[in-house]
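Dropping the structure in here first, questions after.
Just so it is clear, A, B, C, D, E and F label the chains in written order, and each chain counts residues from 1 on its own.
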Amino acid sequence: MSDKKTALVISAHAADFVWRCGGAIALHAEMGYNVTVACLSFGERGESARLWKEGKSLDEVKAIRRGEAEEAAKVLGVHDLVCFDLGDYPLELSRDNKTDLVNLIRKVQPSFMLSHSQYDPYNTDHMYTTQVALECRMIAQAWGHNPGEKVLGAPQLYLFEPHQTEQMGWKPDTFLDITPVWEKKRAAMEHMNGQVHLWDYYTRVAQQRANHFKRNSGGMSGGRDCKYAEGFQSIFPRTVDEL
Amino acid sequence: MSDKKTALVISAHAADFVWRCGGAIALHAEMGYNVTVACLSFGERGESARLWKEGKSLDEVKAIRRGEAEEAAKVLGVHDLVCFDLGDYPLELSRDNKTDLVNLIRKVQPSFMLSHSQYDPYNTDHMYTTQVALECRMIAQAWGHNPGEKVLGAPQLYLFEPHQTEQMGWKPDTFLDITPVWEKKRAAMEHMNGQVHLWDYYTRVAQQRANHFKRNSGGMSGGRDCKYAEGFQSIFPRTVDEL
Amino acid sequence: MSDKKTALVISAHAADFVWRCGGAIALHAEMGYNVTVACLSFGERGESARLWKEGKSLDEVKAIRRGEAEEAAKVLGVHDLVCFDLGDYPLELSRDNKTDLVNLIRKVQPSFMLSHSQYDPYNTDHMYTTQVALECRMIAQAWGHNPGEKVLGAPQLYLFEPHQTEQMGWKPDTFLDITPVWEKKRAAMEHMNGQVHLWDYYTRVAQQRANHFKRNSGGMSGGRDCKYAEGFQSIFPRTVDEL
Amino acid sequence: MSDKKTALVISAHAADFVWRCGGAIALHAEMGYNVTVACLSFGERGESARLWKEGKSLDEVKAIRRGEAEEAAKVLGVHDLVCFDLGDYPLELSRDNKTDLVNLIRKVQPSFMLSHSQYDPYNTDHMYTTQVALECRMIAQAWGHNPGEKVLGAPQLYLFEPHQTEQMGWKPDTFLDITPVWEKKRAAMEHMNGQVHLWDYYTRVAQQRANHFKRNSGGMSGGRDCKYAEGFQSIFPRTVDEL
Amino acid sequence: MSDKKTALVISAHAADFVWRCGGAIALHAEMGYNVTVACLSFGERGESARLWKEGKSLDEVKAIRRGEAEEAAKVLGVHDLVCFDLGDYPLELSRDNKTDLVNLIRKVQPSFMLSHSQYDPYNTDHMYTTQVALECRMIAQAWGHNPGEKVLGAPQLYLFEPHQTEQMGWKPDTFLDITPVWEKKRAAMEHMNGQVHLWDYYTRVAQQRANHFKRNSGGMSGGRDCKYAEGFQSIFPRTVDEL
Amino acid sequence: MSDKKTALVISAHAADFVWRCGGAIALHAEMGYNVTVACLSFGERGESARLWKEGKSLDEVKAIRRGEAEEAAKVLGVHDLVCFDLGDYPLELSRDNKTDLVNLIRKVQPSFMLSHSQYDPYNTDHMYTTQVALECRMIAQAWGHNPGEKVLGAPQLYLFEPHQTEQMGWKPDTFLDITPVWEKKRAAMEHMNGQVHLWDYYTRVAQQRANHFKRNSGGMSGGRDCKYAEGFQSIFPRTVDEL
């Protein structure tokens, strides 16, 4: 374990980490964080409509999606892309799969974690992933799990932006300015060839969040300029020395 | 207007700023903030039971409560204690009173504001105060209110800890370590002679919040040591450059 | 002040106390409680459609509604029906009106209070009444309000059943068996001649709540038999010596 | 009263009806509805920063804002733009002002109404407006209010999209395709010269809502194509003959 | 697949579809919809108390409940009653069971779906069923699930009325007039011989919902007459061309 | 089955029943209740950090924790401590484990049950336990589960106090005065040697809840004196004959 700061993204499907927190990944990578992305599935069945319409086989779809994820990860500066390849629609983790995730959490010792919203009636894989993230975070904190290993501290779990935020009961409490790394996020998105219509969608999301960043940093009297931002909801309270 | 950082507390009754955020006041004062406290009333009717039982007159009760608030403010390092003297149980602000509060907000130009929880069925003065705080914050931001004055930016409004938190739907998202200034908070509380039973109550609150500080800063693997803390709920999202 | 136990109903319009808690009133009256009903208005404008269609004048409508309320109160065994006659649609209380209500609360010293749900987009008079009830309850508790008078303790505020419960976010936590006094409630309802269609509506409400009473007192293994019940939501926690 | 279908928008400030439901207005106007817009203020103090920075006087600001609102209304096909000119930041309605609004509601007899979200900590004028809208809707329904007039039925109250939806607890349950009238909405927005930065912001809002329209009309299997949409939250349940 | 419109009910126990949406079934059947009912269990253990008290065996209970469900389905005009026979108290679906349900959803291609409330502390089978319904709906939409099959669109999922609605956090947003088919619903209910006490209970529910239908379609100025109605809560937003 | 009143606590880990409802147990034991405690695990992995740091083996940790639980149970007057020994972090119940719990519930026939809060992002074992408690309570009520056995009635499920109440969305509606048995609770806590820092923490919790007891039993006019209390949230409504 190096002395570098670290972060861990737990993504249900291969592209989620790109749309939803690609900016946070690139920004923290530039700041020197080692960012690990756990991709629980490739989103091969549920989020690759175009490939299936083209008649690709399951193996082909997975290979293509893996390739895209790897390209996107490279662009974003991901330190380690861990593909669990557990299948999607539905995504299900066995006890062993969960133990693998616990082991990864312990190995990474993240300063903060990122995952999905807690409710998503459109996509039960998403809310299931967050439930698993909370369970595995808890196990990683237990002194009696693989005694002798370094236990996990209390990293924040940030919930990144879902599609149709209001339907998910997701309320962002943190806006992150990703303007400095925007080109990387856009480039990473453009590697996701099966979901071209989302490139502009998530570009607009970033622009709207930038407006919110500006408003919340200064209101009508200005606010700090910001062209692209991402929003996050925190599960746990912060501990601070200054308000 | 100096270059010092500033904060503004809006307190329904004379003692609220002591119990609920005395630590935050003292800590930020020590850090060099100018902290202004707006005391909308002395809590003379509703929070001075002992004095009334002793047969004091209204003027006597108010004078005593004012004196206690001033002593407490001095101990905490309050820069400016502004007593609006608007009466309590119920507290009501006329349009002019609100304009005075807007003017104060503009004069202070706070980096952050502090007030009550948004719901309190035990004490409607408390929730009314927060409603007024939001309204006046909005007016202070308007370019057309007293054009030419410096308009307000977008300071966070932190809601400090109410009595019986769960009944108020109050959920802290920020814990502040007030250990370095604990003696000041305790001393300030001990100036509130009409509510002696609350000295130990709010000492225990600080100890419990310290436990939460520790847990949220490190969980079972430690967490930063902390002996006294205060909790706050944010109304607005934060804008950050690092998660 | 006698040694009898007392209760206070705060009803926005003349008929609300009949439909929504007529059973509770009659039952507690039979148990020896002195039940006072504060009728803030007669519901003359908003809940007397039939009378207006018949061409009655405002004074006539009010007189008829007052008469009905008095008849209903008599049947239910109301100890004191206090008609504030403040107008409805909208109902508004001046500071003096509120002081009158505070004085009534202090005079009655109720063991428990009853009023409307906290949200009602169909009828803003209803939610306003509950807001006023909480404010006046607080003032009645203040030692500095009319010093020397007996201050109020901490009576529960039960929210009685609104029309279209789910739209009001009202969730009953207490079901009261009113079978022994059902005939009185039905008779009282039948005095409300302007709203005949509600006689059967609120009879069915009582029958449904009886089913809920039975289920919650015993589930599928029986439960105590009950033919008519009323539901209430509590604002404040209970204090008990046995769970 | 003609036989035409009608709608009523209650807008706190002059521009709200443009950004938030300009598409709904234009679309229903094209369908033959008479759409009335009640502008309670011009947003002169709080939403005209550019004009104040230019040194305009209050009267000038109001005149300019009125002009913009009239131009926008014309483009959208508004049947009647009613400017209440009540002032903003804060907006406050006297009993007489409310009566005027009740009279307008009765005159229009709207099939549906549109107003703001029920919570908005950034802008208390907005949530106040919705509270007033509910109160006035209720009074307009009362047979005893100006007896002899045609009383109001039970029109839906749709809450249009606030800025920063998630912070307002606003959850859309209805998406309206405004593609056919998009050019009109864009043109109307371009009349709001004081808030140029919002033209693109609300264009992107419409594009994002179009994506949601498409998803909710057909999901991954297609969905109806839609380029621009608006979202609304309903206060009241619908009554239907087919699901 | 014919051109007829279709609907799919997912019912945890044999009788749920009768009490909770029997009217919707009969009404849409009369309108020409093919309505399929998936009965996941017969409610043999948990909802057949009378039969067990009579000493029936498990097989007998199941046979009787199946018979009742079939009779009720026939009366209501159900197109296809699919009994999964998975057991109840608790109901649990294996991956294969879920795949069967996905296949049924795809076969039916419903215009809308109906299932239970999302929360039910009295009956965990109910909330589990809705969770499964959401998961299977999602899988049925995936292009990679059985590639080549017609994927599902985005049908609404309506939550039908639970017992003790307020305890389940269920809030109806849609009332359906079932007066034209009331006799069929009553007849279907009368086939459920093990729960005779519910015949009148759900008749009263329908009468109360009719009152709500009337109020929401016209308020105090009338509203459309309606003798029996059912209420539903929508999970997803609607997409419309007119408000 | 004797005629004694009974209660059942379902505790995820060995110490939960001590911290969270030790007072309720001791108090009801003194009143003559037979209180059974189901300990689903010993909290060996997740709540025994000190023992692991000392290098104990799993068997040693479990034996020590079992011993502590037994000592604490003895002090509290627990009638029957049933250790399920199912493992923790994560706790998982197979169908057979759940059947064992159902059998225990039926054997005990509790007047009321106690378990964890419904949400706990820090500890997924806790919320899982409550979910299981509701499922097993439901099965125990089913006439078709082991026909011939006495079925369960409808006991209240009280949720005892979690750590960091506000983060769990837990809201107490019932405060129990445990002053008479305080020494027993403190003594029981002092048997939990692995979590010494919690002895004072939960002593302060009891003192704070006593303040709430006093306030809610009498407000500023007194309230019943109380030195130690515990708080509980009810899942189900109460059925009463007097408000």
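For this structure, a couple of remarks:
In this section, a contact is a pair of C-beta atoms (placed from the backbone, for glycine too) under 8 Å apart; a residue touches a chain by one contact, two chains touch by 3 or more.
Fair warning: this is a prediction, and the values are worked out from it, not measured in the lab.
Path length between chain B and chain C in the touching-chain graph (shortest route): 1.
Over half of the residue-numbered contact pairs at B-C are shared with one candidate from C-F, A-E or D-E, namely A-E. With chains reduced to the mean position of their C-alpha atoms, the one farthest from chain F is D. Greatest Cα centroid separation from chain C: this falls to A. It takes 180 degrees of rotation, in steps of 5, to superpose the Cα atoms of chain D onto those of chain F. Centroids of chain B and chain E (each the mean of its C-alpha atoms) stand 52 Å apart. Taking each chain's centre as the mean of its C-alpha atoms, chain A lies 36 Å from chain D. Shared contact sites, meaning residues of chain D that touch two or more other chains, fall at 46, 49, 122, 141-143, 167, 172, 212, 215, 220, 236-237.
Applying the touch definition to every pair of chains gives A-B, A-D, A-E, A-F, B-C, B-D, B-F, C-D, C-E, C-F, D-E, E-F.
Chain A makes touch with chain F in their complex at residues 95, 98, 131, 134-135, 138-139, 141-145, 147, 157, 235-237.
Of all the residues in chain C, the ones that touch chain E in their complex are 46, 49, 122, 163-167, 169-172, 197, 200-201, 204-205, 207-208, 211-212, 215, 220.
Across the complex, chain B is touched by residues 44-46, 48-49, 52-53, 58, 61, 88-90, 92, 121-125, 167 of chain D. Those residues of chain A that touch chain B in the shared complex are 7, 24, 27-28, 31, 112, 141-143, 150-154, 156, 158, 172-177, 212-213, 215-224, 226, 229, 231-232, 234, 236-243.
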